[in-house]
Every structure is written in structure tokens, then in C-alpha cells.
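Two complexes are shown next, each including chain A; its partner changes from chain B in the first to chain C in the second.
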Partner chain A sequence: MPAGWWTRNRHYVNYMLREFSSVPMALWMLWLLVEIQRAGGPPSQYRPHGSPAFIAFSVIVLLFSLYHSVTFLSLAGTILHFKVFDRPVPSRLIVLAMFGMWLVASVVVAFVLVWFAR
Partner chain B sequence: MSTDVRRRPALAHLFWWFLFSQGGVLTALLLPVHVLVQGILGPLGYAPVVDRHYDTWVNMLGNPLVKLYLLVLFAFAFFHYAHRLRYFLVDVGVRAARSVPAQVVFYGGAGVVTLITLWILLTTAPLFH
Partner chain C sequence: MADKTVTVKATRYDPQHDEKPRFQSYEIPFYDESMVVLDALNYIKSHVDGSLSYRWSCRMGICGSCGMMVNGVPKLTCNAFLRDYWPRPVVVEPLNNFPIIRDLVIDMDDFMHKLKAIKPWIIRKQEIPIGAREHRQTNEQIDDFRQFSQCINCMLCYAACPVYGLNNEFLGPAATALARRYNLDSRDEGLKIRLPVVAESEGIWECSFVGECSVVCPKGVDPAKAIQQTKLDTTLRFVLPYGNRE
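Moving on to the complex of A and B:
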């Protein structure tokens, strides 16, 4: 198969974008790891990330990570199959539960990150 | 003709698939909010965020639950990324990405990142000092 097979069809391009999303997401997490490591140094030398380039990169990573979240959590309805009271749980309900969990997790993490900054 | 074929569960496959899928779920649930708050809102000054100041950041990182949370997030996420990136390379025609050495490099790399994360979490705002 030629290396450029995925450029022929929009669905293939979307699939490859989703696969590629791991690269910017990994880079951003390494950036976060550096910020964690910086807290080990003296207070006077602590500089959190905040350059325009970092913010611009974060915006790009946010788009990739949102795409990953929507596609990956939507897959749960296809992958997960279980029964409650001998009746199969509809896949739409499973996907809805995953998106609900995403909302709750996001609110909790945002609350912790902001509340403890006071 | 003998049909004595031994059936063994694909435990290695199960193991990698477990790491991959859990990493996918954890990053899907947790990464966007970290990027939005710590990468955009905090640096732009739209919200006070723990990592903008040394004291609040060190206090947070000194909490054992936060250390455990970050370790689990980084470990699963990087195994997920390793798996996806390897298959991305296979899909763009890099056949070597299928090989055992490539698997050692990618999953080993995820293991190295996990160990570095563990070391940073244990040495930054240490629990016992």
C-alpha cells in the first residue's frame, strides 16, 4: 500500500489525525513534567510556562485532545457490552455515561487547580 | 490428521491492549481540562491556577494523592501514546515500526517516561523530609 493512501479520503485523513494526536498530547505532558520538576528548585528561580508560543501550542493541543476525547469516548458504545437485569444496556446510554464522566472529571480537576491557587 | 492445537490466551496482547485502552480513557477524560486551565487560562491570567505560583504548586505536589494521580495519568498516557505512534508510523509506511526492536523502543520509552515521572514526583516536594 502506498505511504500516502490516507490522503485519498476525508475519513482516512481524520483517522490519521486521531492517530497523530498522540504526538502533541505527549509533548504537552512532557512540558507539564518539566513544570513539576521546576518546583524542586529554589522559589526565586521558579518560572511557570507562559510564553505566547506555549499558549499557542496549548491551543493546538487542546483541539487535538478534544478530538481524541470525542472519538475515543464515542467508541465506548461500540466496545462495551453489558447487561443490567438481563437486558443489554443501549450503546447510546454508555456513550452518554462516558461523556457525563468527562464533564464531572473536568469540573473536579478545574476546581482543584483553581481553588488551591488561593 | 491431528487437530491437537493448543489454545492459549493472548496474555501479552491483553496486557498491551489494557494499557492502551486505559491510557486512552484517562487522557480523554482528563487531558483537555489540564491543557485548558494550565496551558491557556492560567498563563493568560483569566483564572488563578496552582502552578502559577511556587508556594501553591509545591503544596499541591506535596500531596500523596496528587502524586499518585499524576503517576497513574503519565504511566497510562505514555503507553497509549507509544502504541498509537507506533501504529501511526506503520500506517504511513514505516514497516520497521512493526518489528520487535521498535516495540522495545516505543514501550520501553513509555516505561522510561514513567520511571522519570516517578523519580520527579518523589524528589519534588518529597513526602518525607
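Moving on to the complex of A and C:
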């Protein structure tokens, strides 16, 4: 297999993008751990990191994480299979339910963050 | 119409004379809009160069023999119309990820071993004597495995799978789809016999869900689905109480 096999078609590129998106997310999570460690001191000494470069990196990570989430949840209809009243649940319904749960979870997390930030 | 031509670039390789595969171009008449790539190869074989080697049999997308790379995509050549490529040249190569025996003929031994390993037949603990009674199934029971039974062993999914390309120990898409076909069959009792092959690290767990196997399948089988669902099922068998039941 040549190293550039994944450039052969669009599906391979999308797959590599999906898999690669975990890398910036992992880096950002590492940064989050550092921030948590920094926030362990007295509140008066803590200043959140807000350089333009970090904000730009965070926006890129957000885009990657959205791409990863959308592709991951879209595949749920292929992976999950179960029956209700002896009839298989359609894949589309499973995917729709996944996106619905994602929306609910996002609203809950946003509510908690806003609540604590007040 | 008769003077319309198409260029076919086919891989040529004779292990006794060639160090590596090379391309040879043929200009052949494109006299009928219903011509497929296999027709072009047959024309070359009959009228231009009788030494060109390739596999084919039924010419109707059933036998799965004529799978080749057509312009870089795994295709059944009996189902790849020249009109979809013309006026560009049609580049025909042997299926990716397999050793080449000669020209467009690949060595399929590895796939045949894998196919045999998953025991693609109905296994019964106790055979019902012929004539004693029927193995009855409802339509719903057939629907559980119907799509996986459409596999014609053409190996296009293996040619499209980069995981198999990188590690040919991987059981692969078609073999797993066929294992699932029998494991889902209400008449079959061979799940525990197939699991050691299917659920090992070079089995389903090697797959990273590229999904191209399902895209290229000419029969609408979804091997990626078979693999991911088998991952879920084997995980549930492992973690749930009484999950390891028959």
C-alpha cells in the first residue's frame, strides 16, 4: 500500500479526516487538564489563557469535533440494530434519535456552564 | 457509429519475463452503447491479442469472476459500461491488494482460505433426517440475513479495503458478511464454532470502519454493517449476564 492511498477517492479522504479529527481534540483535552491544574490555586491568581492563537486553535478544534460528532452519529444507524414489537427500527430513526440526544446533551451542558459562570 | 473507438489500457504481467506489471494500450471499436469493459477485453482477446489473461464466466453479475480495477475503482467488468468512461481511456488493472498471477488474474487463495475458515454453510448440532420435517422460516427471519446472502464472492470489497491492503491477516469484509449471514439464520447453530475466527483481533476488531467495502459492492451487500454489528453483538455477549448463551 502506498503512503498516499487515502488520496485515491473522496471516501478515503473523509475517513482519514474523521480519524485525524481525534488528534486536535486530544491536544485540546490535554490543554484542558493543564488549565484545570492551573485553576487549582487561589482564584485571584488564575487568569484563563486567551491568546488569539489559542482562540483560533480552539475554533479549529470545535470544527473538527463537530465533524467527528456528525460523522460518528450518522454511522450509528449502521451499527445499532434492534427490534421493537418484532420489527427492526429503521436506521434513519436511530440516527435521528442520536442527533436528538446530542442536542439535549448540548443544551444541558450549555445550561450548566452558563449557570456556573453567572 | 462503427468508426467510434475506445482506448483500453490493460495491465500486462508475465512473471517469467516481466520484472513488474506494465500497461499495454489497445484501440478497439466501440460499436454498441451497451458494450461493457468485459466486452472490450473479450474483443482484444479474440481480435487483437490472444495472450491477454483475465477471469470471467457468466457475463451477468452473478458469478463474481470478472472483478477488476476500472479507472482505479473495483468493478465487475461485466457491469461497467464503456459509455460511462468514453471518450476517456479505460484503465483496467487487476484487483488491488491481491498478488498478481498474470495480467489481470489475481491469486485468490487467501480469500478462499478465509471463506472456508468461517464455515459458510448451515451448521446443525443434530441434523434432521431428510424427509423427517422442514426447516421452516418466517419472512421476518429471512429478512434478518437476506442482504448478506447476496454476496457473490467477487472480492471487490477486499480490493477497496485499505485495512486488508495494510494487513492481509484481516479476515475482511465478505468473509465476515457471510459469517453473519449464517449466524443470523434461524436454522443455524454454528455461532460458537465461527466466533473464534470472527471475533479474534485479526477478525472484526481489525476493521476501522472505512466503509468503502459497502460502497463498491455490486450486489448491495453492506459488509461494513455486518462487521460493526458483529462487534456490538460480541461485546454484548461478553458483558451481559448470560450473554454467552447460544
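Structural remarks
In the analysis below, the second predicted complex is superposed on the first by the 118 of 118 C-alpha atoms of A that agree within 3 Å, B and C clash if a C-alpha of one lies under 4 Å from a C-alpha of the other, contacts with A are read in each partner's own complex, and residues count from 1 in each chain.
The working rule: a residue touches a chain if its C-beta (ideal position, glycine included) is under 8 Å from a C-beta of that chain, and two chains touch if they have at least 3 such contacts.
Not measured: the values here are computed from a predicted model.
Chain B and chain C, once both complexes are superposed via chain A, fit side by side. A count of residues in chain A touched by chain B and by chain C gives the higher number to B. In the superposition on chain A, A:Q37 makes contact with chain B only, while chain C stays out of contact range.
In the superposition on chain A, A:L73 makes contact with chain B only, while chain C stays out of contact range. In the superposed model, A:E19 lies in contact with both chain B and chain C. Looking at the shared chain after the overlay, A:W6 reaches both chain B and chain C.
Once the two complexes are laid over each other on the shared chain, residue contacts for A:L93 go to neither chain B nor chain C. Shared-chain residue A:H81: touches chain C; no touch with chain B. With chain A used as the common frame, the shortest Cα distance separating chain B from chain C works out to 5 Å. In the superposition on chain A, the residues of chain A contacting both chain B and chain C are 1, 6, 19, 79. Looking at the complex, you find that chain A touches chain C at residues 1, 5-6, 8-9, 11-12, 15, 19, 75, 78-81, 86-88.
Against chain A, in their complex, chain C makes its touches with residues 72-73, 97, 140, 143, 162, 165-166, 208-212, 215, 222, 224-225, 228-229, 231-232. Residues of chain A that touch chain B in their complex: 1-3, 6, 16, 19-23, 25-26, 28-30, 32-33, 35-37, 39-40, 43, 46, 48-50, 54-55, 57-59, 61-62, 65-66, 68-69, 72-73, 76, 79, 101-102, 105-106, 109-110, 112-114, 116-118. Those residues of chain B that touch chain A in the shared complex are 21, 24-25, 27-40, 42-44, 47-61, 70, 74, 77-78, 80-81, 84-85, 87-88, 91-93, 113, 116-117, 120-121, 123-125.
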